[in-house]
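What follows is a set of structures to go through.
Next come two complexes built around chain A: one with chain B, the other with chain C.
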Partner chain A sequence: MFSLGFTRPQLIALAVMVAVIAIAPMAVYPVFMMKIMCFALFACAFNLLIGYVGLLSFGHAAYFGMGCYLSAYAAKHWGFPAEICVLLGGIVAAAMGAVFGAIAIKRQGIYFSMITLALAQFTYFLCTQMAFTGGEDGIQNVPRPFLLGFLSLSNDMAIYWMVAVVFLVGFLAIFRIIHSPFGQVLKAIRENEPRAISLGYRVDDYKLLAFVLSTFIAGAAGGMKSLVFGIASLSDVTWQASGQIVLTNLLGGMGTVFGPVVGAVIINTLEFYLSPFGSWVTITQGLIFVACVMVFRRGVIGELGARFKVAL
Partner chain B sequence: MSEPILSTQGLTREFRGFVAVNGVDLQVMPGNIHALIGPNGAGKTTCFNLLTKFLAPTRGTIHFKGRDITGMKPADVARLGLVRSFQISAVFAHLTALENVRVALQRGRGASFDFWRSEEVLHNLDQRARELIEDVGLSEFVNTPAVQLSYGRKRALEIATTLALDPEMMLLDEPTAGMTHEDVERIVALIRRIRAGRTILMVEHNLSVVEGLCDAITVLTRGRVLAEGDYATVSRHPEVIEAYLGSEHV
Partner chain C sequence: MLFGYNLSPILAQSVLGMVNGAFYALLSLGLAIIFGLLNIINFAHGALYMLGAVVSYLLLHFLGIGYWPALVLAPLIVGAFGVLLERTMINRLYKLDHLYGLLLTFGVALILEGIVRNSIGSSGVTYSVPEALRGATRLGFMIMPTYRLWVVVASFVICITTWLILEKTPIGATLRAATENAALVQSFGVNVPRLITLTYGAGVGLAGLAGVMAAPVYSVNPNMGSDVIIVVFAVVVIGGMGSILGSILTGFGLGLLEGLTKSIYPEASGVVVFVLMIVVLLTRPAGLFGKAA
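Up next, the complex of A and B:
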């Protein structure tokens, strides 16, 4: 019942990941760790589409960013408890995902990606104009809400555990989705879409459900991020943010379970150490991108898995 | 005489002015194995694509089991019981043979949208999937990823997957193409076994297979029906001999 379908190597990797999450705050800034977990969950949500359905959504930051805004707004203006803020971020992102997904899924391949990008740019534009997002200022000075209405999260370690739990639940949920009867159909669609259609699958319905699930998790990840940092801003809905999550997956390994997490760790660590040097972040990311495409296409985890013949 | 299970009226498909299928009136009787033959480029695969709605006809209508299916979506045509195979073998490459067949079984037996349940629930389809795989002679490859199977075995797996839907009518596009002699015999024997209670329309280049297996034949050349009837009738047709048999069977 509780094995969840993990293979042995995956269970070991999972144990390592949980251990790192538990021990890391003793060695690194908890806020830094939380940032990684938010982006790792976002990357995992993206991977659900690119890795398991073969859909390249090139505007996923729209959903992450919308989660940021909603959660920040609910915490600041409505005084909602933390878990409701995060959930709300997910729900609104998923609702948006349902509409945008329904539009984009009608098209295949590169056209799908271009439509998702266009809709994300449209979302960005709305965010600069609408009153509730605060335009260029964003939503600032968001007070940390209470968890369940009474547990204070003002201490970084308190919110750390909440983020850790949400991250792990989200991570396991994605694993379950991949290894569900639904996930099996997704794999079939990715492998051979015409054949899946010829077997009577209305593939658009499956893609749309996957899209909604992915955007829900992306939105929840965004919702956590704005609570951690107390701010929601335009930078989370930019196309650069969408590009970064593509890069994260490329680097970590698309279609692997742990790849997006490893990718998020590497990207955020680089950004942390290189940020004092300004444009070096962008240059390094560019170089990583080139290296991924030219040398290790399967990403870090993908290459490791291939080397040791295990699925990670 | 009974009604045809599948019929087309003036079925036409143009590709930017080039007419690949031209005013085809096809009638397939229930329970028959019907062959669609013709030289390369005659429009046979295009016909299949039209019948299963993978392509929209430029003109003409299609009826299946008395219903006009001309405007339907391909997945819905499959759900009505008209299921096709592909000329280029279509398997789910990185799924095992068992999983390939199970995907088809899963569609009929639900749970396909259950994203919260463990895939363990699919194991209750394993036995049926194994039977189907055994039927096509692939027992030893149950757990082999489809991509590792030989060409002939991929075709066999494709038929097992199609059979998993228990369709009333199957469209097989060159099921024996590129197979060794033994494989051909195995597939022919298989088609004989599975024909009970089914209608089959197949594209087939191997005329001895057609002769031994098929009740009715439609000959297509350059998008048009050239001749129709049983093997004896068609093979005596002078234009058929010239256009098709002539070149290959002198």
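Up next, the complex of A and C:
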């Protein structure tokens, strides 16, 4: 009961992760840690689809980016409290996910990926033209809202704890989803969709619900990111951002619980050190993609798990 | 005049839209051929199209080789690169889930884009229109830049030739048979792995050819591939990959529609392809020319 379905190695890994989140701000720049947590939550949301339903959504940045925009807009123009901003980002992303998901699951496999990518590009075009996104400028100088309406978040450490709590809640929620009866059906669909249909499961409904849950969490992650940085911009809606979250999962380990988190740490650290070298970031990401697909398909956590015969 | 619109500018815009359509058709044709035999969505297709343009630029500036030889050389170079790619990497993925092919080629696309951005910069370089195709041609209802007219006609001829090769020649018959059942064709003594390699090379070569033709129309820049590939994906979803002729028709048709939208409601010209994709998915999920799954 107490373990929530975590195995012993997973509990240890969870404890390590919580400890790192608690101690890291003493050694690492908190804003950098927050960025990692936002992208890690986004990656976990993506992993819910690729790892447990076998759906490769190649346009997930659309939902993350829309979460960014909505939360930034709500904070700047409506003066909403922080938790409502983040929630709003998630809800709008989920509404969008419900519509786009319903369209995309009409086709399977690679077609699904191409459709989600095209729909994300459609969103990108809309974002360049709609008034509320600010077009090329984005939404800048977003003030940090108050948490619950009275707790100031202007101090980096104050918002750090909020981000940490939201990240952990999101992480645990995904863990519960994966290990619930609903999650078992998702895995059945991943393994053998025709058989799941023949067993009487309405596969499309399950896929759509998983898609909506994933986009909700992605939107909330985006909502936090724009509050931390005070900006929402087009770069969060691009296909490059979608590609990066695919890479994060591939590198960390698709279909593992901790893989996306580890992937987010590695990718963001790499980006941090490589950013002075311009397009070398792109080249390095490409090389990691190729290396992962050719020799390293289980990702870091997947390989570790296989080596020590545990599921992480 | 019709419904208060003067028709001739609309017609003119539509014909100009066909220029984009010509590239959509060439690229989706290559994608469809590759997908048919390799079962892989070649995400690098856009990057290889960009590579075709860059190679023709490099040929001109470092070796003084002009447009017409480049029209042959650049696709061969890009095709050779494709053969190398297939032999060294893609052929190890056939037994795996299709998504790994997509991920690998996506990585290749990122590498190519990054390298080109490093060497020629993000803003790109220009490639001048060849001497013989400068100026404009009078078409009766409009005056069209001769080069663009050439792009539409050449692309149409190439697409139809490719279709004829696939439908009417023994090589095409073997290829179509291998698409249906590779193991059976192999048992007849056909070297299927080599067929697959050459098919990938040819499909990628078509992308390179499109790149050379695109170089004088758009500036040669590292983003040109990724900008177009996502639209081409939408074209492929709309047309369905079941039919070669279908992908050609959809490519040109969408260019036409884009041009038409540009003249009536310019703001929507960037999204009309995606809107059409949504409509098609809701009404005919298998695509206009696709076989039902």
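Just so it is clear, the second predicted complex is superposed on the first by the 311 of 312 C-alpha atoms of A that agree within 3 Å, B and C clash if a C-alpha of one lies under 4 Å from a C-alpha of the other, contacts with A are read in each partner's own complex, and residues count from 1 in each chain.
Here is the rule we go by: contacts are C-beta pairs under 8 Å (C-beta built on N, C-alpha and C of every residue); 3 or more make two chains touch, one makes a residue touch a chain.
Fair warning: this is a prediction, and the values are worked out from it, not measured in the lab.
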| item | value |
| --- | --- |
| First, second, both or neither for A:G278, with chain B first and chain C second | second |
| Chain B versus chain C as contact partner of A:V290, first or second or both or neither | second |
| Touching partner for A:G5 - first (chain B), second (chain C), both, neither | first |
| Contact breadth on chain A, by residue count: chain C or chain B | C |
| Touching partner for A:R107 - first (chain B), second (chain C), both, neither | second |
| Touching partner for A:E191 - first (chain B), second (chain C), both, neither | first |
| Contact footprint of chain B on chain A as seen in their complex | 4-5, 176-177, 179-185, 187-188, 191-192, 194-203, 205-206, 209, 213 |
| Chain C to chain A touching residues, read off their complex | 41, 89, 92-93, 96, 98-100, 102-104, 106-115, 117-118, 226, 230-231, 233-234, 236-237, 267, 270-271, 273-275, 277-278, 281-282, 285, 293 |
| Footprint of chain A on chain B - complex, ascending | 52, 54, 73-76, 78-79, 83-86, 90-95, 99, 102-104, 106-107, 111-122, 161-162, 165 |
| Touching residues (chain side chain A, partner chain C) in the complex | 56, 58, 103, 106-111, 113-115, 117-119, 121-122, 125-126, 129, 239, 243, 246, 250, 278-283, 285-290, 292-294, 297 |
